[in-house]
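Report on one structure; see the data block that follows.
Labels for the chains are A, B, C and D, by order of writing; each one numbers its residues from 1.
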């Protein structure tokens, strides 16, 4: 009896192992993000953006190192740190040297530590971590390491840009800060308080609170409180259902001022806000979608839409990840040894497809780039989100945001 | 079940009943030792580590559900809190550097036990719904606390550390996965043996008695409440060991180690394997881990299939996989198991093919509905085809219908063969 | 010498209905005492009061002189009182042997022991087998108790009840629902296994009662109207009036 | 003062919604002894069906048809699933409904995908009914209250004034006796399960537009429904109502007012540690009521189970 079971296990394991054959002329990038469960929508859309960018920006141009093609290999981490570590191991076993991940700073924290340990313990098959979305400032501060590169602006940088805009608006004298009760929500709140205090000490912070993440069924009580505080603006780091719930609830209950936020676009959220969000929602993000930065950007977006009519380019930075990685591999002359690739990435300057130039800061591996404040609107939208007729349009731009911002990163280099 | 086994006369099985318990343990130990030589790559070892941890946890859970009849919806917290405590020990610096890593699980167990003592003090007064609901409430509470009490649980990002800072254990620093594997394998054997032996002690026996008939047990001099309490505490101890091994293997613990999803998974694993037999949860953990890690590489719909398997198991085989296997023991004893071989082949093979066909249909529907427009190509069972043409649909439907058709046609013969193979005892099922 | 069991003004009400209305009874050590009475007289309630299943509303119960007030069933059991149930109450999923062995555990001092193997203890195995022998279930030793015939289950129930070595045995309608031959078998069984112990039983079958008991109490509407030897009770006018008349004629 | 009134209304909406779910669940439990873990999944199905129907036939047809479909599905689940599992005992039953909840969530994702559905309240109800001190009360909320109250009255009427209701009521207290009286208990079971799930369906239809129609909506609400009926007392309709409203108001008020643990602790005579961020107790000191609002019901449930295992209004042990 026991024997027959083990035979089954053996069969299953060999099955999983047999699919790990590595073709010689491809450079694989492991995409470890949620492809099932509640956040699968975001994950799948991100995967499409990666696949499209690899195809369009590298493979169609003849690949790297004289013909090596990029291949994106998808791993479903179910947005769980534990699953991510398992999938990381599987990816490494497949000979993959580049790990891309973005959704959830919790997962990113787990991965960056695991990769650091792995590279220390297994110098013969080191890997790089291309973080394209996790914005917890700690990743490029206390928890930074040589193998981690962040292509998104971190929460502090974004808040810096956001508060620049708030500071210029003299109509705002009261703000209400609300966020999810976890590291990112707290980081947003702390940054908001700090920057507002520096830039506009006269602004009164009439509310600063956290709510349980992903658990609030009805945001009405929070909106009542916000209304009662008679605030001029709301700042929130909420994402996903919490963003939608909070936003819709305050707007329905009579709030008319601006809502400054990080993640209130695409993945169904733009469509769900629709008309109600017009005039209120302000998003801080890199990557200019509307108006298109250049003809090339517009053409890129159009061909993406032709391939994925239901998709959105909601993480424009993914093109930077792919292009800069390709450049770094060319420069290093190898794709298998990640150390020279990492050194090539450090300090690299790059012209983004979406306009402006970007620079990977050596000291903490944080990409310095233009950060835009977008408005959620239905007017003058070239590329809408969720096919809803609504999209985000650049209102303000902070060039090379937070270029000289301090970092506590103390990196050990091999 | 091989023919060779079936033809064996029944006597040796019974005659050797004193020696018998040793044999499976021996086989298991040898297997655990040689498995890494068969599956040498790190991902296989990662999967096996995960499996071993799940086995310990599921066995601990079954001390409650199977042996004690207590349904817990929040058992993840005992493993989780044990694991968190170990993470803090790993991060403690001086204390940890004087502590060999293999000893760490004891601390995890003690912490899990400590929490179980506190919760059990009020939750084990009653079995049944009251216990289930308290376990749910406490589980939710502690899971919710994990993002509020950042000092201990580290908030959303959890607590992480480096296991290699412990005192080297005979020169081993546990840098490599394989070293961790043997550590976990050792604890797996030890915990499984201890849990097995526990079920043979007066406490283990009375846990069964209280499960079946708490009132009668009270009139035998045992307080049902204390019996439940001790089972609960013992289960908490082994859950804590599982948590500690998790901490060693992954070097990180997060909220997901505590939440209701995790508690639900362990219930699912245990029930799938079968609560009625000691080895049930072991089977469940192996199958579940494979489904979760291997099947999820193959298809996005793994959760859907798992749900179907689970519901079907509850409906048709409430004994789980172990129950299914043990159903054959009477036939084996009668030496008639071999007679089931051909009817099984006639029914189950078409059924399996039919199921694969149905799965293909499901995958195709999913592809047509959710794949990006223009992407009509899909790959299924090593074949790539256009999901918007009629041919693959026809083939899949045909396979499904024919497969299940043959199954239906041959099922009566199987039932007959089954009854025949079990007759002399007059017991079927 | 104190009585094995003594009831002193025992009362029990459910809501406003008083079921047991002041029962005084003293059962001596080694006595075989039957409690009879018409349906609804409160016999089972009385049993449940004595064994701690219900809490009394008034009065006192003393086992070997110790007050049982507020004691849980398991505590009462540990003081040497064991009972069977009207509806068969065994562990159906466990084997017959296992049923008996479980009932030996506490008495053999294992308590909440989790470090010794039950299979290793010769005393435990022998003790259980001895009881199986007494109740003639040796042949059924390894079957799940749930598959036994009704009479066998009743026999097992008696086996479980006596296994713990209690000196006061209470049997609640041990022959209910049995055929004549089965009844005779059980009566013999009870007689042998309760040798030298105090036996208290509730029974409808007058044949059983008069065959086994040396003292009989008659419970009518929550009160004991007569106590005495079978002959005395049989002769008691009140008893005949209230209950026995018809039953005796039947017998 | 105005805010209190507004919060009372908001809490009432939450509470009544919860009641529609818990009413069905408590009926099912008291009849069949099954704690239906998939109850919230039927609520989710209600929302999704209504969304699908509203795309073609409009919101009102959705309100009418979706609960019916859900009820029929529920009855089917009882007939072909639960009844089969019933013979194995209560634990497998509970586990069956648990598995069903997982399966329904997967099924919903399979059919509708993982994103939130754009399920909206009907145009005609998209206006502000009235405002209290600048806080607008949407007409849809009034509509929700209205529907819930109608359902409650309807349910009460059926249970107390009709023959079927009498049988059900009797079965609530004496399930065995009713069976002995020769009523077709399996049919009653199926009916009650169907009606109970249909009620959950109604809740889904009207809650979908406000709370969002997404695959996680059942999970978010799932365990809180249990908490409600356990607090109210298993099998008690009034208990379910009181517990629902209690939870509705409790969570609403906890979220609306920032009660701080710091104040409580200070009031109790503790002194705040000098450097709070280095203290091991910092998390305790910084807790505010909105943070723990959603776990308050669980705390209440555990306390109730410890001190009063039959709930506020229950007659039977849980």
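What we mean here is this: contacts are C-beta pairs under 8 Å (C-beta built on N, C-alpha and C of every residue); 3 or more make two chains touch, one makes a residue touch a chain.
Just so it is clear, the structure is predicted and the values come from calculations on it, not from any experiment.
J.: Could you compare the number of C-beta pairs in contact for B-C with that for A-B and name the larger?
T.: Looking at B-C and A-B side by side, A-B shows more C-beta contacts.
J.: Could you work out which chain's C-alpha centre is the most distant one from the centre of subunit C?
T.: So the farthest one, by centre of C-alpha atoms, is A.
J.: Taking the mean of the CA coordinates per chain, how far is subunit A from subunit C in Å?
T.: 74
J.: In whole angstrom, how far does the Cα centroid of subunit B sit from the Cα centroid of subunit C?
T.: Roughly 44 Å, centre to centre.
J.: Determine the centre-to-centre distance between subunit A and subunit B, using the mean Cα coordinates as centres, and give it in whole Å.
T.: 35
J.: Please tell me the distance, in whole Å, between the geometric centres of subunit B and subunit D computed from their C-alpha atoms.
T.: Taking the average C-alpha coordinate of subunit B and of subunit D, the gap between them is 31 Å.
J.: At least two partner chains per residue is the criterion; list those residues in subunit A.
T.: 36-37, 181, 212, 215
J.: Which subunit B residues reach two or more other chains?
T.: In subunit B, residues 144, 148, 303 touch at least two other chains, as defined above.
J.: All pairs of touching chains?
T.: So the chains that touch one another pair up as A-B, A-D, B-C, B-D.
J.: Which subunit B residues qualify as touching subunit D in the complex?
T.: So the residues of subunit B in touch with subunit D come to 65, 69, 71, 122, 126, 128-130, 132-134, 136-138, 140-141, 144-145, 148-151, 260, 264, 267-268, 271, 301, 303-304, 306-308, 310-311, 313-315, 318, 362, 366, 369-370.
J.: Under the stated contact criterion, what part of subunit B meets subunit C in this complex?
T.: The touching residues are 197-198, 200-206, 208-209, 212-213, 215-224, 226-227, 230, 234.
J.: Show me the residue ranges of subunit C that touch subunit B in the complex, using the header's touch definition.
T.: 51, 53, 72-74, 77-78, 82-83, 85, 89-94, 98, 101-103, 105-107, 110-119, 160-161, 164
J.: Any idea which subunit D residues touch subunit A in the complex?
T.: The touching residues are 3, 6-7, 10, 13-14, 109, 113-116, 118, 128, 131, 134-136, 138, 210-212, 214-216, 220-221, 251-253, 255-258, 288, 290-291, 293-295.
J.: Given the complex with subunit B, which residues does subunit A contribute to the contact?
T.: Residues of subunit A touching subunit B: 1-6, 9-10, 12-13, 15-17, 19-20, 35-37, 48, 75-76, 78, 80-82, 85-86, 89-90, 92-93, 105-106, 109-110, 113-114, 117, 121, 136, 181-184, 186, 212-213, 215, 306-311.
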